[in-house]
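Below you'll find a set of structures to go through.
Common to both upcoming complexes is chain A, partnered first by chain B, then by chain C.
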Partner chain A sequence: MATTTATLRLSSSDLQPGNTLSINATSTLMKAGLTTGLTQVESGVISLALETESRLGPLGTEISGGVHDIASWLYLCNKATDDTYYIDWGIHETNIGKLYAGDWMFIPWSASDDVAAIELEAQVAAQTIEYAFFNSNFILAADAGA
Partner chain B sequence: MALEPTLILKDSTTFSDEISFSVTDSLTVAAPARGLSLETVTSTGGNHIIVPAGTAIAYLYVRHTGTTDGSTATAQLVDLEISDDNSAFARLGAGEFLFMPFNHAGASVGVQLQVAHASNVLCEYAYWTKG
Partner chain C sequence: MATINATVSISSDISSYPVRINNSMTMKKAGSCHGLDETTGLRTKKFTSTTDAVIVEHDELTDDKAHKVYIRNTSSSKENYFYIAYNASAAAATTAETIGKLYGGDWMLFPYDGNVNIVAASSTTDTQVLEYMVFADGIVAAAG
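After this line comes the complex of A and B, so read on.
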């Protein structure tokens, strides 16, 4: 059985007076509502043009089945090194956060409707990101010429 | 003040090659912040605002404990919502967690938790403001 585990550690020596902050959380990534693991991964490194809205990962229509509200996990890292650079990220037209140079995030994501895609837009300058999607039921788009 | 997050992803059974990588970061953080906390979340999101409205970037950690009260198991899902319009942007199942930078295009909004159905779910959370 597919077994993908994610572990998050948060630590700090100066955030809490008198003791060290040490948070550890581990989760096995499962299909939505099931106890079976995810079966697909897509990862890579891509460039984002300045102030150009780009889609990352599938649209709801590219996920098979009548219900495309599946479990999907996204790891996203901004590989820029200039501290002033950041990427606006959101879901469809809803802005959710800013990912600054060198920062990363790990979130669950599901396409609750056909247009609910992860959207990214580089600010200040063009930037490069590293990403990985863990999911299932994703089908490649049909060849437009087929 | 510094916060060091580390993510480790591993999978040795799904693909012909093993996935095993870790990434870490060193974040400068400032007030306001909330250390590791517990919240019994219900189906009324407005009662469970875990990040108060603000325009700064908040590094947010949330974990679904998989229980209603620390001992009774539950599989009910928990939504993370933008506090001003109750729009959900993430959903956590039992035992799942997330770590992300939250900022709604500079708008003064917060984050609230809401159980998708009428039930209690105990969630663990913390946040720190980008310094």
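After this line comes the complex of A and C, so read on.
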């Protein structure tokens, strides 16, 4: 069984004077509701065109058996270095946040319905992202010419 | 200006070429080189029902900014979980804005624009505790 582990360290000595912030969290990522590890990974580095909405990863309908509410994880990093650059990220036409240059994020993504998809749109300029999906349910899309 | 550092390490042996991700960021204000210097504080909430609850109220935060949200399910059960959603109403499960499910021990950290609430719902009536913290790019003072 494969083992995927994600560890977070949050720290600040001056956010709350007299109270040093130190949070450490480690999780071993499992299949939904089980104690067996994830079995698939997809990763890459891609460029996002300016102000062009792009989908990252599959739609809910492209998940094995059409199941939803899976245990899937996304790591995403904006590789830009200009502090004014950012990428709007969201799910299904709903913006949730702005991933600024140098920032990373890590979220569970459950593809809650058929149209759920991770959507990205670079603002200010074209930008490059680094990403990794960890899961166990994705299938390749059918060949349209088959 | 405060300095808040967040470091992630992910390792996996799913593929023949082991995945090793190590990255750090210093949380900054939107479009700026200056660090975030406000927080709603570290909070914990015990859930004993499946009723949805707003854990981050967007009214407390400046809209359209570069807030960061940390959330962790502190329980150890890999059967039970919390739905986490970006939603105006207190509904977290299977909406178009459901982000994902946090099983026992799982955590997430994501940029948040502060425009809509963050909502959680437990999958069980067993006791589960959610730990969360907003690193804010602007907190709106409550009206007197």
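Rule of thumb we're sticking to: the second predicted complex is superposed on the first by the 144 of 146 C-alpha atoms of A that agree within 3 Å, B and C clash if a C-alpha of one lies under 4 Å from a C-alpha of the other, contacts with A are read in each partner's own complex, and residues count from 1 in each chain.
Everything below uses one rule, namely that contacts are C-beta pairs under 8 Å (C-beta built on N, C-alpha and C of every residue); 3 or more make two chains touch, one makes a residue touch a chain.
Remember, predicted model here, so these are calculated numbers, not experimental data.
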Combined model on chain A where chain B meets chain C, clash or fit: clash
Partner chain(s) touched by A:Gly97 [first = chain B, second = chain C, both, neither]: both
Touched partner set for A:Thr84, first chain B, second chain C, both or neither: second
Which of chain B and chain C A:Arg9 touches, first, second, both or neither: both
Which of chain B and chain C A:Ser27 touches, first, second, both or neither: both
Which of chain B and chain C A:Thr35 touches, first, second, both or neither: second
Superposed model, chain A: greater residue contact from chain B or chain C: C
Chain B versus chain C as contact partner of A:Ala132, first or second or both or neither: both
Doubly contacted chain A residues - partners chain C and chain B: 2-16, 21, 23, 25, 27-28, 30, 32-33, 37-39, 41, 71, 75, 77, 91, 94-100, 102-110, 112, 132, 134
Chain C partner contacts - residues on chain A that touch it in the complex: 2-16, 21, 23, 25-30, 32-35, 37-41, 43, 68-69, 71-73, 75, 77, 83-84, 86, 89, 91-100, 102-110, 112-113, 115-116, 132, 134
Chain B-touching residues of chain A, taken from the complex the two chains share: 1-16, 21, 23, 25, 27-28, 30, 32-33, 37-39, 41, 71, 75, 77, 88, 91, 94-100, 102-110, 112, 132, 134
Residue numbers on chain C that touch chain A, as the complex places them: 2-15, 19, 21, 23, 25-28, 30-33, 36-37, 39, 41-42, 65-67, 70, 72, 78-79, 81, 83-84, 86, 93-103, 105-113, 115-116, 133, 135
Residues of chain B that touch chain A when the two form their complex: 1-15, 19, 23, 25, 27, 29, 33, 35-36, 57, 61, 63, 75, 82, 87-93, 95-105, 124, 126, 128, 130
